[in-house]
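Before we start, here is the structure in question, set down as structure tokens.
Naming follows writing order (A, B, C, D, E and F), and every chain is counted from residue 1.
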Amino acid sequence: MKLTKIITLAAVAAALPALALAQDGPTGPATDEVKWILTSLLFLIGGFLVFWMAAGFAMLEAGLVRSKNVTMQLIKNISLFSIAAIMYYLLGYNLMYPLGDWAIEFYFSGLFGSVGVLESVGVGYDAVDDAGYASTSSDYFFQLMFCATTASIVSGTLAERIKLWPFLIFTAVLTGFIYPLTASWQWGGGFLSEAGFSDFAGSTVVHACGGAAALAGAILLGSRIGKYDSAGRVVPMPGSNLALATLGTFILWLGWFGFNGGSQLAMGTVSDIADVGRIFANTNTAAAGGAVAALILSAVLYKKPDLTMVLNGALAGLVSITAEPLTPTLGSATLIGAVGGVIVVLTVPMLDKMKIDDVVGAIPVHFIAGFWGTMAVPLTNDGAAFGTQLLGFVSIVGATFVLSFVVFLILKLIMGIRVSEEAEIEGLDMAELGMEAYPDFTRS
Amino acid sequence: MKLIIAAIKPFKLEEVREALTSIGVRGMMVTEIKGFGSQSGHTEIYRGAEYAVNFVPKVKLEIVVKDDMADQVVKTIEDTAKTEKIGDGKIFVLDVAQAVRVRTGEENDDAL
Amino acid sequence: MKLTKIITLAAVAAALPALALAQDGPTGPATDEVKWILTSLLFLIGGFLVFWMAAGFAMLEAGLVRSKNVTMQLIKNISLFSIAAIMYYLLGYNLMYPLGDWAIEFYFSGLFGSVGVLESVGVGYDAVDDAGYASTSSDYFFQLMFCATTASIVSGTLAERIKLWPFLIFTAVLTGFIYPLTASWQWGGGFLSEAGFSDFAGSTVVHACGGAAALAGAILLGSRIGKYDSAGRVVPMPGSNLALATLGTFILWLGWFGFNGGSQLAMGTVSDIADVGRIFANTNTAAAGGAVAALILSAVLYKKPDLTMVLNGALAGLVSITAEPLTPTLGSATLIGAVGGVIVVLTVPMLDKMKIDDVVGAIPVHFIAGFWGTMAVPLTNDGAAFGTQLLGFVSIVGATFVLSFVVFLILKLIMGIRVSEEAEIEGLDMAELGMEAYPDFTRS
Amino acid sequence: MKLTKIITLAAVAAALPALALAQDGPTGPATDEVKWILTSLLFLIGGFLVFWMAAGFAMLEAGLVRSKNVTMQLIKNISLFSIAAIMYYLLGYNLMYPLGDWAIEFYFSGLFGSVGVLESVGVGYDAVDDAGYASTSSDYFFQLMFCATTASIVSGTLAERIKLWPFLIFTAVLTGFIYPLTASWQWGGGFLSEAGFSDFAGSTVVHACGGAAALAGAILLGSRIGKYDSAGRVVPMPGSNLALATLGTFILWLGWFGFNGGSQLAMGTVSDIADVGRIFANTNTAAAGGAVAALILSAVLYKKPDLTMVLNGALAGLVSITAEPLTPTLGSATLIGAVGGVIVVLTVPMLDKMKIDDVVGAIPVHFIAGFWGTMAVPLTNDGAAFGTQLLGFVSIVGATFVLSFVVFLILKLIMGIRVSEEAEIEGLDMAELGMEAYPDFTRS
Amino acid sequence: MKLIIAAIKPFKLEEVREALTSIGVRGMMVTEIKGFGSQSGHTEIYRGAEYAVNFVPKVKLEIVVKDDMADQVVKTIEDTAKTEKIGDGKIFVLDVAQAVRVRTGEENDDAL
Amino acid sequence: MKLIIAAIKPFKLEEVREALTSIGVRGMMVTEIKGFGSQSGHTEIYRGAEYAVNFVPKVKLEIVVKDDMADQVVKTIEDTAKTEKIGDGKIFVLDVAQAVRVRTGEENDDAL
């Protein structure tokens, strides 16, 4: 080490020719263009990993609904992603990133309504949109995936009873308007970033936002028929395919490396890649902490460990670390995730007591653990303050909840958002789609 | 002829089948069923909510035999299916008016 | 930092004065070796993503066949990929890339028969095969995956009735000879590339090629027993596991980023990475367009939206954009994909009318949407002309169809290609393999 | 080609100014910092690919157990990975990498007991732990995944009868102590690396190690009730979901590119990326060879080809090439993998004859093919010798087997490691967890 | 003794089971079946092709009871399973010659 | 009334159902079963180990009809289900004491 360093400096001091002498070739940081290339690459890799999360949500949800509603859950998931992709292009991207051009200073982008435009084919470095950042296309690709995630969160909570079309219309509004708007307050340089709110990859901006929309929908929609019996007891409606649910969780876990790691937004320097590495390691250990905590706690509370809680626990761990995956040590990241796991095990039954029927546990995982993760930032990051964190959470979650509630309410009045009782009893697959997910298998 | 209907514990199926074959039973119909009886009714917890398990998986055998074989078949099932634990199952015997083997058209005892 | 900066500037000062003003660190493009490394990396990432598509096809097909034929579909998929890997090494790679050494100028490689050889271990930059491109190993790895894709396409169409061995023998010929030959006409520098045919990532070269082989097989093989009743009406044979089919579609969608993105064939410059980003974004939005179009159109035509059509629609969107994922704007890419989705919804029943039994809809998705994608290139790329596009499509599809037809015919005469009626009725899993895919579940 | 080369040389000779003339920009290798960034990136990509293998094992095992034990297999898989992540942080990482600080020279790290620590946030190049390597965080992330793999191997063999808690406790010991210890002998610079043992990515260090632990467990645990009938004949217990098993195999295959490719431990030079490319290509072709060999051999031996053997064959091919994925040609890599496939088909029944009940075939795949792969290194790598290879295999496998046996024995005495007969007959899902994996489907 | 066979709508199962328990039925066998009847026969579309759905999912109950309980059991099923919509189902009663409880060997009425 | 129980080959179900409808059968219960009989007992190999397949998938039909229709129904099933290959199945006829249509409360013949 020491030796190499000295040589390097020497070499540099004497400018290039000396390089010939340097044992291990040229030294120094990457050039601006290489940095730009590497950061763009980070977004592309991060982006396809976050895209993969859409499949994760689809499998998780398909596995946790009853077999008579699986086809519907699948069509909702692939459709919501597709709609998100289109809406984010049409409205979301520019609404979320005003680039300083505000219609209402720090609150509403002036670019709203203009579609996303990428750099021209074969753009040169002198013509790129931001020479100090990355290609617009890679940034767009990456950010789009975050937008779609919010919609995926909603579909799980409202499963097995919401009508397809109203759900998809809501998805369009959420991904084209609500999320981009609230996200612009932080990531678009809006008032929350001005206030110093700290949410690295989006415990609040993405996850609690999705959770808030889900909560609004769940309240307006009501619980599934038979979920709470006359005596008010909870009637479990077990997921039809826990292998799929587990697969979905692993997919989400994998995608999260891109979700958090890509949010470093730079990979062109030694510090940046080292930080991305920290983020990968912390993200992983937080998920592990959440899973183990849920495993143990569910075993203690219910005698037998509950796989669905372990899955939710791992996800809660991931959501918890998302607000600050960089500054914690491996130890504290594990603990932050573990608290997320505990939260899930305790709040899932709590929601049921409140008769809020969340089919896949998305509210505990994304909303409640998202709150925890957001408030936990100051514990490891001096740059953050509890007050500001609270402000950020309340602003985004509050706005999202109110806007979502209004949209769902309008949809309810105009076209109704819930399927008929017969349809719900028969199952949405046959009643609404005329197509079973597992037609060859006898249902018990 | 008699139709013998028996509900037994699934893991006993193979044993019972072998025993029956050994006494000359040459055919049967086997169905997976949900059994309700004294054994049923313990509770489980799913995502923190308690619920009662009212049905336990059982296997139903339906066997048509000559009248004179009925008792032996009942006895054989009884002996092999027994674990002396609750939920061992039940055996019912009904009269059969007619039997036909589709392949050959043979009737009654010849059809079995 | 500061220190390094000054020195660098000093060093550079003479050469590129302008850069001297650049604020942060060394400036300028990547060196030739860094470019070479980055492009090789693009192939490795693109390659493993396209590999993943093999799993996507396996899941899609396993989900769309009836439960009695799932084991067979799985063994066909993993075997065909493995055989493709071996045949491409033995014959395909060198047949496809003559490197200017033609046996028949522009039509047939002179290297046919020689096996693939990689650069030696620890090769130095001065000894690499192409200092301006990337490592041969990474290129080989990437190209192999494309070859395997063609075979995956065929297996879906011919499912539930073709015998295992004849199918695998055909796979060997397709991946070792037919595809590499026709592909060499374009990507090997053959007559089509000379003619100016434009097919960026292979709507024709890969997808329509696979579709043409599938069509030839479907015609010779005939439809599944009972697929068309006495009155000539179509008798649906629903897929046994739509969750798997949806998973497969998501996997393919993910893999396609590597399929199209990697086909930029360079990542070492700002322009190249920016273009790869464009390709990622366009590929994604085309899939979304295809899915949404199929969702809406199937709902309009059949009252109820059809998940299997939405899945096919997303894939058709991907195939449609594959011929030109770079030049379209996000908007036109979405539309190009949407047309693909429409094509699927309209042509799936059309094929049935023609009594061509395509189990998974591979012909509409890969062949017909592949044609559309190929013809759509001139719409956004001035470098392409309709005539040449048609020439390219007809040449490759025509040759592939004829060659495939002949091979299938020979196999039919020698060993028969179709399972017995009993086997087909009982299901290939028990009849041919003696192994059920879901033995624990009662079939209804 | 030729032209460029000359220019390059000229440019270099005349040092930087001349560069201005070079048609295609600056030349020369990457700077030390860019190398460091690229190698760190290799670890992050390799790491997430190997992480994905945890999902692969989960699906493979969930697919190969009977439906009454699926939930248990899933909870074991996600829990073991999580526990591995925590134990490797608490003990494993520093036990495995003594960095020259030994408590017992070349045998036991002096750092045992200290937790893993990453480089500080935003670390500068002058402060990194190893300027000639990569970020500690990326290295940690990558190495952790290898550790978890060993535990995944064990869970498959012991499925359907081992109790959850004892299994998880064993996992903690294996991942926190046994694997890191034996791995330190080779990868930590211990006596085996001193002796010149050669195991590129861990056929022995990872796979045979996991296989040895599995074997120890299988012997102490005994076979599943009814697996061998009174007459000593094997009673097959078919896997409940071969689609999942196949998915798992594809996932593992994909992850293996990261497993072997990342083990190049460098991506900053032309030679290194070219080697990573070789490794990708060889890894893929070895898997293909294993699958095809198992396909043909199972068809020859049992009349009908056996999908589960093909899956195991592909995995055996991967394990076989893991000890040396770099030096073989594509042809020899294919053959090395094919031998792995043959080994599986022949040894699976052999183990049954010995009444060792290995539910998923992990011992033939990881242990026996691991042995083959290790002994095959000298065939293509002159640097390796059979004697040393044998020494390495025996040392690591021997130590792992003994330590694992002792731990399992202690667990057996203290708390028992096997579920009750009733529980095993009823199925672990209902008996131990009170949760079915597929509750909606009638079991046959 | 009588064997009462009833085909009902699946979602009514729990309700019927509770009603029967409350009148003293202590066991039954439940099977998932495909029902064919007046209710059957609507059409669906799959990938653009119309097809008739000839079977609807039903649940079959098989209950053996003492002769004197039969009528009450039939009545109870009738009342609880009724939705007055087509497809409510059917109840059939057959004579049972013999019944045995496997666990104890008890016979006939004692076996129920 | 008679209860006609038939075990047939699964792929014959649709054909049999149509034939029965054409002769005026207006309802039936269909169950997937595992059949044991002369056809059973071939062996397969799984991962190198031989095992006997003792059960073959069959479909069980249960149809209750007026006494005077019974013979015709039996005949129809016999004719349509026959392939003359082993495993075609069996038909059994039992007496039914009572029938009820849940929706209307109609009894016996009116209930069918």
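FYI, a contact is a pair of C-beta atoms (placed from the backbone, for glycine too) under 8 Å apart; a residue touches a chain by one contact, two chains touch by 3 or more.
This structure is a prediction, so every number in the text was calculated from the model and none was measured.
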Chains contacting each of chain B and chain F, listed by label: D, E
Pair joined by the larger number of C-beta contacts - D-F, B-D: D-F
Listed chain pair B-D, C-E or D-F that repeats interface C-F [over half of contact pairs the same by residue number]: B-D
CA centroid of chain B to CA centroid of chain E, Å: 18
Chain centre separation in whole Å, for chain F relative to chain A (CA means): 53
Rounded Å distance, chain A centre to chain D centre (Cα mean): 30
Touching two or more other chains - residues of chain A: 15-16, 28-30, 34, 45, 238, 241, 247, 304, 306, 308, 434-435, 438, 441-444
Residue numbers of chain E (touch at least two other chains): 31-32, 34, 44-46, 94-95
Chain pairs that touch, as defined at the top of this document: A-B, A-C, A-D, A-E, B-D, B-E, B-F, C-D, C-E, C-F, D-F, E-F
Chain E to chain C touching residues, read off their complex: 34, 44-51
Residues of chain B touching chain E in the complex: 2, 5-8, 31-38, 54-55, 58, 60, 74, 77-78, 81-95
Contact set on chain E toward chain B in their complex: 1, 3, 14, 17, 26-31, 62, 64, 94-103, 105, 111
Parts of chain E lying in touch with chain A, wherever the complex brings them together: 11, 32, 44-46, 57
Partner chain A, residues of chain D touching it in the complex: 15-16, 28-37, 40-41, 43-45, 47-48, 51-52, 54-55, 58-59, 62-63, 70-71, 74-75, 77-79, 81-83, 85-86, 89, 115-119, 121-126, 128, 130-132, 135-138, 140-141, 144, 164, 241, 244, 247, 432-443
